[in-house]
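In the two complexes below, chain A is the common chain; its partner is chain B in one and chain C in the other.
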Partner chain A sequence: MLPFLFRRLLQFIPTFLISTLVLFFVVQAAPGDFLTQLSQNPRVTPEKLAQLKINYSLDQSEWVQYIRWLTNLLKGNLGISFAANQPVWDLVAPRLWNSLILVIISTVLTYAIGLLIGIYGALRPYSVPDRIISVLAYFGLGIPSFFFGLLVIYGLVVLKQNTGWDVPITGKSSGALQNAGFFRNGWDVFLHALAPSIVLALRSISSESRFIRGQMLEVMGQDYIRTARAKGLNDSIVTYKHAFRNASLPLVATLGSLLPFLIGGAGFVEVVFAWPGLTPLLLDSLGNQDLYVIVSTAALTSLLYIIGNILADILLAAVDPRIRYS
Partner chain B sequence: MTTATSLSQSAAVKSQSLYQVAWKQFRKHPLARFGVVILAVLYLLAIFAGFLSPYSPTSYESDSNRVSWAPPSSIHIRTADGRYTAPFIYGVKREVDLTTFRDKYTEDTAQVYPLRWFVSRPQASYKLLGFIPMNAHLFGVDDPARIYLWGTDNLGRDQFTRVLYGGQISLSIGLVATFFSVLLGVIFGGIAGYYQGWADALIMRIVEVLSAIPELFLLITLRAIFPVDANPILVLYFIIGILSVVGWGGIARTVRSQLLSIRELDYVQAAQAMGAYDSRIIGRHMLPNTLSYLIVSVSLIIPGFILAESGLSFLGIGVVEPYASWGSLIKVAQDGGFESITGRPWVLIPGVFIFLAVLAWQFVGDGLRDAFDPRKRQ
Partner chain C sequence: MTLTKDSALPNRHAETLLSVTNLKTYFFTDDGVVKSVDGVTFHLGKGETLAVVGESGSGKSVTSLSAMRLIPTPPGKIVEGEMLFTGKDGKTGDLAKMSEAQMRKIRGNDISMIFQEPMTSLNPVYTVGDQIAEAVSLHQGKNRKEAMLAATEMLRLVGIPAPEKRVHEYPHQMSGGMRQRVMIAMALSCNPALLIADEPTTALDVTIQAQILDLMRKLQKEIGMSILFITHNLGVVAEMADRVVVMYGGRVVEEGDVVEIFQAPRHPYTMGLLNSIPRVDHAAEYHAGPGQKKERLEAIPGNVPNPLNLPPGCPFEPRCKYAIPECSKAVPALEDTGGGHMSRCIRWKEFENEARPAVSQSQNAMGEAL
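Coming up: the complex of A and B.
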């Protein structure tokens, strides 16, 4: 297992390098450089600018800059945000964590609900509930997450006005909570994260449930399922042990690409619900031309893709006994 | 010879090509038919936006006549004394609500403006189909009244007009970006699948890189190349450009995997043996065989592009003023905060159009996929 994972990690190195290369040179192609915004600040002296230029090798060729940025990145130094005047990592880390809160809750929702209704649809194909679910899945795939988010906010505001419930709508926590305990704070954040996570999960629930339904239907038509039934096994064992385990393999294999998809997809939801995640930060940085934040964050998220893929490999080995990495 | 007799027998039955069969299947698909109807309506609305909309998408008044956030005009067919007449609207007065300091619009039942058909409005001239100058509009009311079917935006521009014009941008960006990304995908997928070796490795690595960076972040990074306040029309082209650059990977993967299996087939080897050029083998013999897969994946990436464009515009890094797309129209709803959403729900209407367009393309895409799938023949 370990040698395999190591080999797999090695395979991802070129992907990571090329993506950092692409990102860095795309950002270099942008008008101005890392210091443009800072040079317009009257409080920054030319001496300070020249010093920064040397510190970040901005006076040297782009390749030198790239190598320098990359080695710093690998050492865990993501550069400095000139707009916020602090290291990029300090700026990005809490935002990344916030985005991950949404991603984790919606991933759990996706698999819990998506698998349930997918399997249900496969066990009773073309029944009335299955047809209703199909129609709803089309809606879930067709509705843009930001539009759905706005509709949910509309609904929540109306609910709040009519019933007087204190429904958390936007932001990450209610400001009224001062010095509350850890669990109280956690619960507060969870309540705030609930609506955006559900909006975020809707799309992947729709696609995953259709996918698992299709896979299940295909597996249920196989000979070994008939054999299992002929042996007199009860339905739940046939469904979950024989059919579902096989049907879920492609699902597990695509888990790796789900992580970047969800983090990117969370962006719109974050903007709509004013959730302090990565995307609002990136949009601000785009406005401020805070280029190190953009390039380092994007590079960081491509690492998540690699982590997701390796996790998927491990999971696949756990689910599928035919796979032995040795 | 048994083969000879069976051949002559089957020749008597009129054989159908793959595309004839698929077309027949497609027409039987209920969802696909529904999708085609919605798409036809949406594209017709966009093409004839100038004629169907009563005003110009950019005109507004800024002085005391301003009508920002006016609610949709209600069209009456009953007069105040209870008689039924031709449709008309009442004149609208703007007042300031002294408790909320918001504009309040009230109908003045003394002023009656009948709805008129085929109104000529020189100040809102347009070019029909892009080249016939016209100023006739399907409907309208006499000045000084104005008819706002779906209310107005923050500046007082007619939202109905802007949604129709926005459709031109949203729907065409989806198609054009698809065209370019298919072009890129077919070229690079073709090279990778046919030549294999280092070209294949390089191209597939780039495709993997494109999928490793979250799409939204890649779009934001690419958007950094262009100044935020660039020329609006350049921004439009640029958005098409970045959407195609981000989107070709999936197509390239499909084409490559198809070509990898096709290039082992006998007729490709025959063509090679007869000395055909590589470009002829790829273009004439191999690519046509991937066409059915291509059609299906194209119909499924168009809605993706419509979503991506509206998303970018919603975030404020897509289509910029004076142009409007459905995404940038929805942005108005977000900018105003809760107040805007509950106080003026009509700002959400453009979202319904994004939804309809994406849904309809998905229906068509699913219909095409089933039509080409031999296991799903009816």
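Coming up: the complex of A and C.
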């Protein structure tokens, strides 16, 4: 297992280097640099500017800068944000965490709802409810996400007007709760995260439910399911112990690719719902040519990607006895 | 070996374990109604082995799955018939009419089944011990530990070496023959009254086939169960069966004692099947070379009829060399030709004096077919 993980990490290195390198050069290719903006700030002295130039080797070639950034990264230093004038990590960490909240909630939603309706459809294929679910799933896959986001916002506003139920549609927390206890605060954040998570999850719920339905249907036709029935097992043991475990294997295998999809997808949802995640920060940074925020964020997300994949591999080995990494 | 099964021949008046009458199992497909089993009648005595033979598509598997009530519904349905079965508790009931809950008590406990494909019949994600223990704890109320011990004992019984270790292995760690032994262990773990074996050796190579058949015979003697043995290998029939049911196009066309069926078949289809196994006088040519094997055999010309579009009369008529105009008028009835030997052919009386291969020949031939 360990050598396998090591190999996985090695495979990841070239991808990582290429993507950060490309970003590094593309951001810098635009006219001007972050110092241009910084120099217009009256509080930044020319001495300070000169100091920065030296610290980040801005007077030297971009290759040198890149290597410098990389060595710093290995030491755990992501550089500084010129726009915010603070370390990138301090800026990015809370944002990253916020984005992860959305991704985690929508992953849970995806699997909880997607599995439920997928299995339901597989147990009653081509029944009326199954056909309705199919149509809805195609709708869910086809509808543009921003449009669905607006629909949800509209729906929640109408809900509030008619029933008084207030599901928040912007931001991450209600300011009034600033000093409430941990659980009150957590619940508040969860409520705020609900609408964006649902919008984010819609597409993956649609695709995963179709996927698990197909998998279940295929597995239910396998010889070993007939064996299980011939033993006298009841439907729920046959379905959940014998069929589902097998049907879920490819699902686990694709978990690794679901995570980056959600991280990527979280971006526009964060903008629509004013969620303080990575994307709004990244958009600002692109506007400011805030180089280290951009490349370091990219580095972090690709790290998450590899972590997601490795987790999926470990999980797959845990649920499928035929898989052994050696 | 002689064809008279002196040691194992059951008493003709033995109690009936399973009695199937006019079973009809249809599949309602988009193309029409497939009458896979269309009025099948047979019975099986306690401790008896009944072979069901017939070409592919003749309805053998559908018959056995009907008895287990494992026909996929939809599209399949048992539309008519009675299947009286006497369970281990001595109570007799109609399998066709029992509730799902009653059937679940019977499956794996009173009636077990082993299948043709040992490679795919075990769940890949659970250990073989788990899969055997599951049946044991379900039907015998044993806790997990006791059930695992029982599973180990079953593996030992079916001749798997180092069962204490093997019981924790997964199916993919075993060969096909081993997996079929596991299937047998699973099927016999609750001492069933009836074992349905649907072509249990077809997927195995010849030496393993012989081992598995030996094992089944040995265990049958120990446990005293009846076996419904589905196969299209007549050599296996001669080796295993007391009586034979020959199926064609979803119907029984001949039924009788194994010796009678081999020595005096009274249906042209059965005769054709017998001619398509290698005979002793051809044995020399038969062994001439592996490539020539098939050419020496006299296969029945033509194909199995399309179940969606059966001829109006005798379904075998298009392929039958004894066919007369009379044959296509109506489906022949299954008639008793004497001593429980049944034939569904209007000309059966004329076959009584037909020349037939001598006993010793056909019997040796069956040995070869194995």
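Some points to look at:
The criterion applied here is as follows: the second predicted complex is superposed on the first by the 311 of 326 C-alpha atoms of A that agree within 3 Å, B and C clash if a C-alpha of one lies under 4 Å from a C-alpha of the other, contacts with A are read in each partner's own complex, and residues count from 1 in each chain.
Here is the rule we use: a contact is a pair of C-beta atoms (placed from the backbone, for glycine too) under 8 Å apart; a residue touches a chain by one contact, two chains touch by 3 or more.
Keep in mind it's a predicted model, so treat the numbers as computed, not measured.
Under the clash rule set out above, the superposition-derived model of chain A with chain B and chain C shows the two partners fitting side by side. In the superposition on chain A, A:I263 makes contact with chain B only, not with chain C. The partner that reaches more residues of chain A, of the two candidates chain B and chain C, is B. When the shared chain is aligned, chain C comes close enough to touch A:H242, but chain B does not. In the superposition on chain A, A:K231 makes contact with chain C only, not with chain B. Shared-chain residue A:V295: touches chain B; no touch with chain C. In the superposition on chain A, A:P321 makes contact with chain C only, while chain B stays out of contact range.
For the combined arrangement built by superposing the two complexes, chain A sits at the apex of an angle of 90 degrees to chain B and chain C, based on C-alpha centres and given in steps of 10. In the superposed model, A:L151 lies in contact with chain B only, and not with chain C.
Applying the stated contact rule after C-alpha superposition, one finds that A:Q222 touches chain C and leaves chain B untouched.
After the two structures are overlaid on chain A, the closest C-alpha atoms of chain B and chain C sit 10 Å apart. When the two complexes are laid over each other on chain A, chain A has no residue in contact with both chain B and chain C. Only residues 14-16, 18-19, 22-23, 26-27, 29-31, 138-139, 141-144, 146-147, 150-151, 153-154, 157-158, 161, 169, 257, 260-261, 263-265, 267-268, 271-272, 278-279, 282-283, 286-287, 289, 291, 294-295, 297-298, 301-302, 305-306 of chain A touch chain B when the two sit together in their complex. Taken together, the chain B residues at the contact with chain A in this complex read 205-206, 208-209, 211-218, 220-228, 303, 307, 310-311, 314-317, 327, 330, 333-334, 338, 341-342, 345, 348, 351, 354-356, 358-359, 362-363. Every residue of chain C that touches chain A in the complex is listed here, in rising order: 68, 70, 103-109, 112-113, 115, 117, 120-125, 127, 131, 134-135, 138-139, 170, 172, 183, 186.
For chain A in complex with chain C, the touching residues are 222-224, 226-234, 242, 245-246, 249, 319-322.
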